[in-house]
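Have a look at the structure below before the remarks.
For reference, chains read A, B, C and D in written order, and residue numbers begin at 1 within each chain.
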Amino acid sequence: MRIFGVGAIKGLIVTLKYLLRPTFTTQYPEEKLNTSPRFRGNNFVWYEERCTGCSTCAKACPLGIIRIVTHPEPHQQVGSDYQIDVFDIDTGRCMFCALCVEACPYDALHMGGDFERADYVREDLVITTDQLREGAKKPQTQFRPQLEEIGYQGDEELDEHEAGRWSL
Amino acid sequence: MTLELTKEDIVPLLVDQFKDVIDLDADQNLYINAENLHEVCLFFRDDPQFQMDMLRYLDCVDYIDHFELRYALLSLKKNQSAIFKVRLWGRDSLEIPSVVDVWEGANLQEREIYDLMGVEFTNHPNMKRVFLWEGFPGHPLRKDFL
Amino acid sequence: MWAKWIAKMQTRLFNIAVLILLTPVFLLVYIIKEPIVYYGSLNILSGINFFIGLFILVNFLLVVTTMLTFVERRLVARMQNRIGPNRVGPFGILQGFADLIKLITKEDLVPTLANRTVFSLAPILIMAPVLLMFAVIPILPGFTIADLDIGIFYVVAITSLGSLGVFAAGWASNSKYSLYGAVRGVAQLVSYEVPLVLSICTIVLLAGSLNLNQITGAQEIPFILVQPLAFVIVLFSVAAELNRTPFDLNEADSEIVAGFHTEYSGTKFALIYGTEYLAAFGWSVVIAILFLGRLEPGVGGFLILMAKTSIILFLFFWFRGTWPRVRIDQILAIAWKIMFPLATINIIVTGGAILLVQSLFNLKSGTPLGLQPLAIIAIINIVLFVVLLLVLPLIKGLGRFDDELKARGLEIKGGN
Amino acid sequence: MNESEKNSDGTESVLLNLGPQHPSTHGVFRLRTLLDGEEVIDVEPIFGYLHRGSSKLAEERSYTQVITLTDRLDYLAGMSNNLAYITALEKLTEISPPERARYLRVIMVELMRIASHLMGIGFLINDLGAWITPLMHMFREREKILDLFEMVCGARITFSYMRLGGVSHDLPIGFEKSINEFLDDFENKIKEYENLLLGNEIILSRMVGVAPLTGERAINCSVTGPNLRASGVDWDLRKKDPYEIYDQIDFEVPLGEKGDNWDRLVVRIEEMKQSVRIIRQCMYGLPQGPYRTDTDFFVRPPEGEAYGMVEAPKGELGFYLVSDGTIAPYRMGIRSPSFINLTVLRELCVGWKLADIIVNFGTLDINVGEVDR
């Protein structure tokens, strides 16, 4: 037989149990959760040495936020790279779908694992070419299974030879 | 698996009752004249061979010179589905009878099509815009809306 | 012109008005209760010291209120796997004060179409009765501001005035949400006053007095053991009166946003919000005094009282952390169809039991009951409590969910 | 509806706007209610505040890029939206994914179903007035599911995981251990939820017998998903029209009886249990092999049309794609279950109390992102 109020008391016991247990949440600025190696952060890692300026990433982008300006060298050889003048990514409009990373045939563009890029002005969210050149080269393994195979965890600096499927 | 009734399955059953409603010219899909839509829908719902008790999905496509409404029907009892289409020629003052009294599930879907495509459903109980506000210029899903 | 100026100044001078209006309230207590009874060795409450005492009391209460908001948030947060506020001060204990400062420095908004006078007075009307309630609450044996002979009656009477403020707030806001909250609040309060008073009556029967000091003195056995049913009824009636879960209908946030205080902001909101916790504290002290045994003298006694109070407060916080809210028709049904009959049964049984022990032990009516008579009444009442718990689900209508679910082949899950 | 209309006893009705900014409308959603005291006379849902024109946007994007738009329809169930779109696209292009990809898809979609139902129940109980305790308990489990998703595809809400002819990523190393840990833990957690919620007299009194919906009405109003099954109609696309590998999996379809709020709650809890079962079977039978076929990024399907649908957490989610042979769809129609389920909202609410509107709305489990599209 069911006693009136037992169901409600069962609920009380559940909450009492949790009162005595450690919490699940963490204190964000002090403690950060570990992100997975595939985590799509809101920055990008770009290896200028690997990039040919083919603009495949810009074509793949659903929003068209990647801006690439290139020019050929004065005496351009067939098959050699373009010179890249501008490579901007407007992360203010980016939705971090990683289609550009998937599309890149030369493994030059990677997702980064940073998630603390909040800013006061929308224009500051644009990652400029210089920022891409000088930024930390910690690519995530999103669409880069070759990095996972070597056990890379997304937290080390990789140079342009290690980051790609083949060395230059 | 849900049995998808093709045109070949449906037409012989329909022709007996509705000789002139079916637009037999089109090759791939079953087209129905807009004037007889209501009776055909009732037939689909009540006929023991169809028993289409649910209007699964109602959509509209803008083909510049005509609009095409696609009625996807579903019979939960017999686990079969059927599709028929209605063509509306022209771009202005498009009207088609509502099927809300046959399947009430059409209520919001017809309002959506009215809102975004500009096809007006007559006899609909509440023919108002659903997403956009009254007085919004144009119908966004039309191909000429930029 | 003149009225317009008043209306304009009202909001600006609101903080001063609170102080000015609250002072006569305490003066009133001082005048009504003349002479004030001074007890024992702690004869500090005389003349100007009376006001110093009041100052200490009111400030103590305000600090308690601010702390309670923090304590509730921390406790409920832990029930929800969260940490809760922990940034302001050590462990976040200053969170309440930070909130208070934030609220006081905020703009004091009054809706354009609100009735400004009533709108501004309502928070005071809500707060004043709760502060007045503390006048009769004994902290130590015989240590009260006003040792009224009708103490518990005074508590019940004065706290129900709070609903006037709730209704004033809801009506003056000129908001539909507020009006709904206000109407709900009044309906709820009127319903729950009845079982509350009936249950307290049993305590009065046992103690033979309305005086809170004498009620505590009569507790040879804590009255929670003598009157378990009355304790449960009082606990839930008080929850309804305090608008706490599961009866927080007049500020049901998921239905009517914030109920009667939807339109309040700044200091006025701080008053209303603080009153909620102040009233919870006050009623918890009253319940602790009524049910949880005697008062002990000295600082230790005060701490014991606070510990008892904390237990009751924790119950309220715990309910809030666990249970959802009932519907308006259900809350009234619970009051009139369950609690009122139960309270009536309880008072009849207790009255009978008292007559029985009086004839058994040859006690004159009016003399305090001793330990043994109380024990006998306790046994009778505990048996009654258990029997009622078992019988209640059999009553048609109360156990209807079980029947309905069984008919559908669904058992209520959640065993083990 | 008219505010000044007099009721039978001569009193006037109250017109109350619940929303667009309201604590329990789960987004920007407005319920225009006409009340006689606490009793509901009329309810009219007004929405569109979150209308983003996904269909129109899709007409200017390539088929692969549209996947990112589908994430944002029902933002609590991105994987299901991905799968529904990909199902339609695969019907259109007649590309079929490898076996491993099918298993991966089912695992992800069922995890997503658990996450979505957790949110649905959590917010429902929150609307009932339980401060936020059940909600936080459900958020905790959902967080673990999102961690799993982050392991697999790098995102927590907007996955873009499915691809034409497969999925974008294979499982990472250590995923199997993590998911097994989660599933073992989650079964205990469901028991805990039942302890916390299902026995509680207050929840029972608020939900049992409130706002019943008969099976015939539900079908006629095109209600799908758990709401339809709560009304006792045995209709689940996973059983009746199996897609992916559901025909090889052993699971049950929980059914309600009366279609009241209680049934809608219980059906969701039972579905979570079945999802756990499905995931376990998929993880056990997960074949080795490729996880995606090689397809063009800018795929050009043949001219034609296709309607692909899946049983999403909220109901039958379908995508209707019309192709004109170019890289972008000519028309993308979305059959969103939340939107169509709203048809019955008025019927459920009228005659009940103001507090019940919120609960009925909660049990319908509407996602405004999907309603407005």
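Please note the rule applied: a contact is a pair of C-beta atoms (placed from the backbone, for glycine too) under 8 Å apart; a residue touches a chain by one contact, two chains touch by 3 or more.
Here the structure is a predicted model, which is why all the values come from computation and not from measurement.
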### Message
Of the chains shown, whose Cα centre falls closest to the middle of all protein Cα atoms?
### Response
D
## Note on the structure
Rounded to the nearest Å, the gap between Cα centres of subunit A and subunit B is 45
### Cα-centroid distance, subunit A relative to subunit D, in whole angstrom
28
### Task
Would you kindly tell me how far, in whole Å, the mean C-alpha position of subunit C lies from that of subunit B?
62
### Task
Determine the centre-to-centre distance between subunit B and subunit D, using the mean Cα coordinates as centres, and give it in whole Å.
25
#### Entry: Two or more partner chains touched - positions in subunit C
79-82, 321-323, 412, 414
### Task
Quick one: which residues in subunit A touch 2 or more of the other chains?
4-5, 7-8, 10-11, 14-15, 18, 24
### Task
Using the contact rule from the top, write out all pairs of chains that touch.
A-C, A-D, B-D, C-D
### Message
Quick check on the complex: what are the subunit C residues that touch subunit A?
### Response
75, 77-83, 86, 318-319, 321-323, 389-390, 392-393, 398-399, 402, 412, 414
## Note on the structure
In the complex, the residues of subunit B that touch subunit D are 1-2, 53-57, 59-62, 70, 72, 76, 79, 103-109, 112, 116, 129-133, 140-141, 145
### Sites on subunit C touched by subunit D in the complex
76, 79-82, 176-177, 180, 245-246, 248, 252-257, 320-330, 400-401, 404-405, 408-410, 412-414, 416
### Task
Using the touch rule from the top, collect the residues of subunit D that touch subunit B in their complex.
47-48, 51, 53, 55-56, 216-217, 219-223, 233, 235, 240-242, 307, 316, 318, 320, 322, 330-331, 333, 335, 339-340, 342-343, 372-373
### Message
For the complex, give me every residue of subunit D touching subunit A.
### Response
61, 64-65, 67-69, 71, 133, 137, 140, 143, 147, 150-155, 158, 160, 168-170, 172-173, 192, 195-202, 204, 297
